[in-house]
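Heads up, there are several structures right after this.
Both complexes shown next keep chain A, but they swap its partner, so chain B is in the first and chain C is in the second.
Let's turn to the complex of A and B:
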């Protein structure tokens, strides 16, 4: 008798949750299963089971190059994002002139479609763009510096697009810091650089870490930026898409196998992220 | 002696500040110049060779975008698809967000992260599956199909925003309304609704922008009748008419800047980063 209303409450809760769950299963979980199933069929067929698609990937030196490139881009852009975000956050915390505008600027790359960012970057760093217009006389070069469609260029563009995650979390952690702690360290005789190295940085480390895992994950799954600015450099997401776009008939099974590898890696990163996020601060 | 040291120290501090200022504004330029160039490119004529600025101004590229690239029709496609995606996502997110924000749910944290999973996994991974399912259901190259594909990434975000909106509802205010003699219907229309409306509105604006900007899922489900603005812009970059592409980009970027402005005014940006990802 007593659990009847609570059972009714549970039923109502389940009913309310059902649209969200239906959307999740219909538009994410089931498609992932379809992708997985397709990756286990021979190419061009919808019957028969095989592991050949995966075997090809691991035998193929192209695919290991793709994975290597994806990891290289994600890791290097994450490290550079941290190097950019920490001084940026430290400077922005002091509320210098124009800090509101600068704060908004931090969010621009993740709010604006990556496609437009990529296109604008191509124009800026191109052989007739402002970068070369200012650098060529400065360095006394007659030939423009090639940035677009190179590895270095991709790293720059990745940092441009994905540093926002690191910068935002670092800044918000830093602003949550009690100034009294730093004051205490200063009163105890620590120099500003000591305060920074032994007090501030360790305290904001959780924020830096969780932000950089977000940056890393986003960079690992990057699509629009390398699609437009990568040229022949194709990280994982672009390689998957090219299997469909370039080949006729489209290589669905090969693309699905790559997608399955990618999703598995991404779930592992997500697990790490949850770990980092949950770790008690201090 | 001591005076000199003070002078040096002051100079150093000042230079340090200068260094900081230079760093900040270099950063500002690094982020914003791509947009400035797109803007100039879209209104510049005869901008060839090594020139910092376009020599003449023109609106021809916008005219071209309208007449040659058929932008009004493509914009209409984009808006219809976004409307479908926003409607379905909001209908999904209202009950789900209410349950997550206001009711006791076992394993709430796990459930929330499961619902947010589509935003953390690169869309290309499940876009392949979505495309295959939609081919079978004849949903490819249909407004409903492309809109539904967008729901995959819009709904999780709407759910996140709405559940935190509903969670922030103050029980005491609702109780006060009941104490003052309002019945449930009256409480809902005169107290609850006005309190949650801003949250619902911002959820709608964010899902709209997400759908309006979405490229990956559209690339896998579009057809000749459902070309959207991002897809057209992507194709135009490949075609190489970069002046017209710039004009298209200017149209494509409008909602994003509106959202940016809104984020800055209304919401703490750090709350968005977890769920908001413009791939």
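Let's turn to the complex of A and C:
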């Protein structure tokens, strides 16, 4: 008796889900499959199966350097983002004059398209940009400080583009904290730095972590920023692109194999992220 | 060493246009449980925060244990505090929560452990040491809060509406538990609440606050029996207020004319004929009598306009003429019906003049 309506409801649910499912399969799953298939064909062919593309990657010292660079950029920019986000969040929580503007500014980097942001950064940090125009006289230098196309420069640009994630989640966790908890610690005799160390930081850790994993993943897959500002420094996404852009004929199989490696790593990070989110927060 | 533990000397605090505390003067004795009682916005929390140091008064001084602490930061004041929403550290176990003040003070491990367990036993929570706050009930959390506040034997225990997040039955139990604990430890305690029953049940003395000022300080029964002002009378317990003029005065007593009726009221000071008085009487001090019977002093004629059955007592509204209505509560042994004519007696000893 109760079967008929529930079966109909299931059908309706399926119907409602179908556009989403079609989109998911057509736009995500299918391209992934094609990429995977491509990576298993010998280069330049559409038939025959081989693992040679992967073997080449793991023998190639260039590729290990690419992976290393990608990890270095993602990790260092994430750590710097945390170092920047925590004090910023502590400051913003006090709602100082102009805090609204600052809150908005924090979000600007994710709203600006990466390519536009990258060109803006190049101009700002370039030899005739505001950074050098103000720093050269200040430091008494005649030569501009080279930032663009350097590793340090790339880390700065990454931080600029990806720290919003960490900053937002850290701030929202911090603002969700019951002020009485900190008062309790203070009345109990804790100095401001002890309150921070023993109470505030442990309590906002889940917020810091969830934002950090997001920004880490985004930085790991970064494309426009390193493409425009990296010069010869090519992290994973840029290297994949170069396989197609630089070589004629384009090396689709090699590119696909690299993409498959990257996707696998990203899935692992995603799994870590989900675990972080699921951790019971008090 | 004076017998005063906490002293507020003329402390004032202003938030923009709002005068939250207006020249408070308050001395809290050693070992005393003093309650700051008042409606929300009366300034009791600001006064408490002046003691903790979370608020620095604009004027005046705060002394704790004979030391001027007006500008001493909170963490150096050696206080213990219990919060309305418990404010336990959610990432720490019960044990770690209670240990926190000792950990901050770098107490040696062994002594610290002993002290924590002793305090947990005091509140009967020793078997919960490994639990996290979220695994405890509200009452248990508040007991842990109490243990955390007491563990390092602070000079003063501050309690900021500690029972208002608990249900009614538990609240009553906790009242006695806290009172008993404070007595046994002999600690000076400041209790902030808006609940007058709580204040009467727990305190050695009560400071009733209104609009940033202290209206009256006294023992619970002084506050209840002899309120000085209309506000105190009205805030603590139920009250009737009758407005009248003194028509004659004879030392101990004054006769007040209220809406054409004469009432004898004890006059502690010199009552002056022609003065406007506000006479206050508690509903449960008023007697209701049938219309037949010997006439006695201070009786008025009225009609029962409404009655409400409250179980242990009956709440009557009695109309005296068209303009006056009295609230009367009786034990219900003799009952009257709505519309019935009655005699209302206001025993002179229960009537007292109060200021507006």
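Observations
Rule of thumb we're sticking to: the second predicted complex is superposed on the first by the 281 of 282 C-alpha atoms of A that agree within 3 Å, B and C clash if a C-alpha of one lies under 4 Å from a C-alpha of the other, contacts with A are read in each partner's own complex, and residues count from 1 in each chain.
Rule of thumb we're sticking to: a contact is a pair of C-beta atoms (placed from the backbone, for glycine too) under 8 Å apart; a residue touches a chain by one contact, two chains touch by 3 or more.
All figures in this text were calculated on a predicted structure; none of them were measured in a lab.
With the two structures aligned on chain A, chain B fits next to chain C without clashing. Once the two complexes are overlaid on the shared chain, A:180 sits against chain C while remaining clear of chain B. Judged by the touch definition given at the top, the superposed model places A:271 against neither chain B nor chain C. Within the superposed three-chain model, A:20 lies in touch with chain B and out of touch with chain C [touch as defined at top]. When chain B and chain C are set side by side, the one touching more residues of chain A is B. Put simply, the nearest alpha carbons of chain B and chain C end up 8 Å apart when the two models share chain A. Here chain A touches chain C in the complex through residues 178, 180-181, 183-192, 194, 198-199, 202-203, 282, going by the rule given at the top. The touching residues of chain A, counted against chain B in their complex, run 9, 12-13, 15-24, 27-28, 30-35, 38, 84, 87-88, 91-92, 96, 98, 100-124, 128-130, 133, 160, 164-165, 168-169, 171-172, 211, 214, 217-218, 220-224, 227-228, 237, 240-241, 244, 252, 255-256, 259-260, 262-263, 266-267, 270, 274. Contact residues on chain B toward chain A in their complex (touch as defined above): 20-21, 23-24, 27-28, 30-35, 37-38, 41, 48-50, 52, 91-93, 95-100, 103-105, 111, 113-115, 117-118, 120-130, 132-133, 148-149, 151-152, 155-156, 159, 209, 213, 215-216, 219-220, 230, 233-234, 237, 242, 245-246, 249, 252-253, 256-257, 259-261, 263-264, 268-270, 273-274, 276-279. Chain C meets chain A in the complex at residues 52, 54, 74-81, 83-85, 87-91, 100-101, 103-105, 132-134, 145, 148-149, 152, 158.
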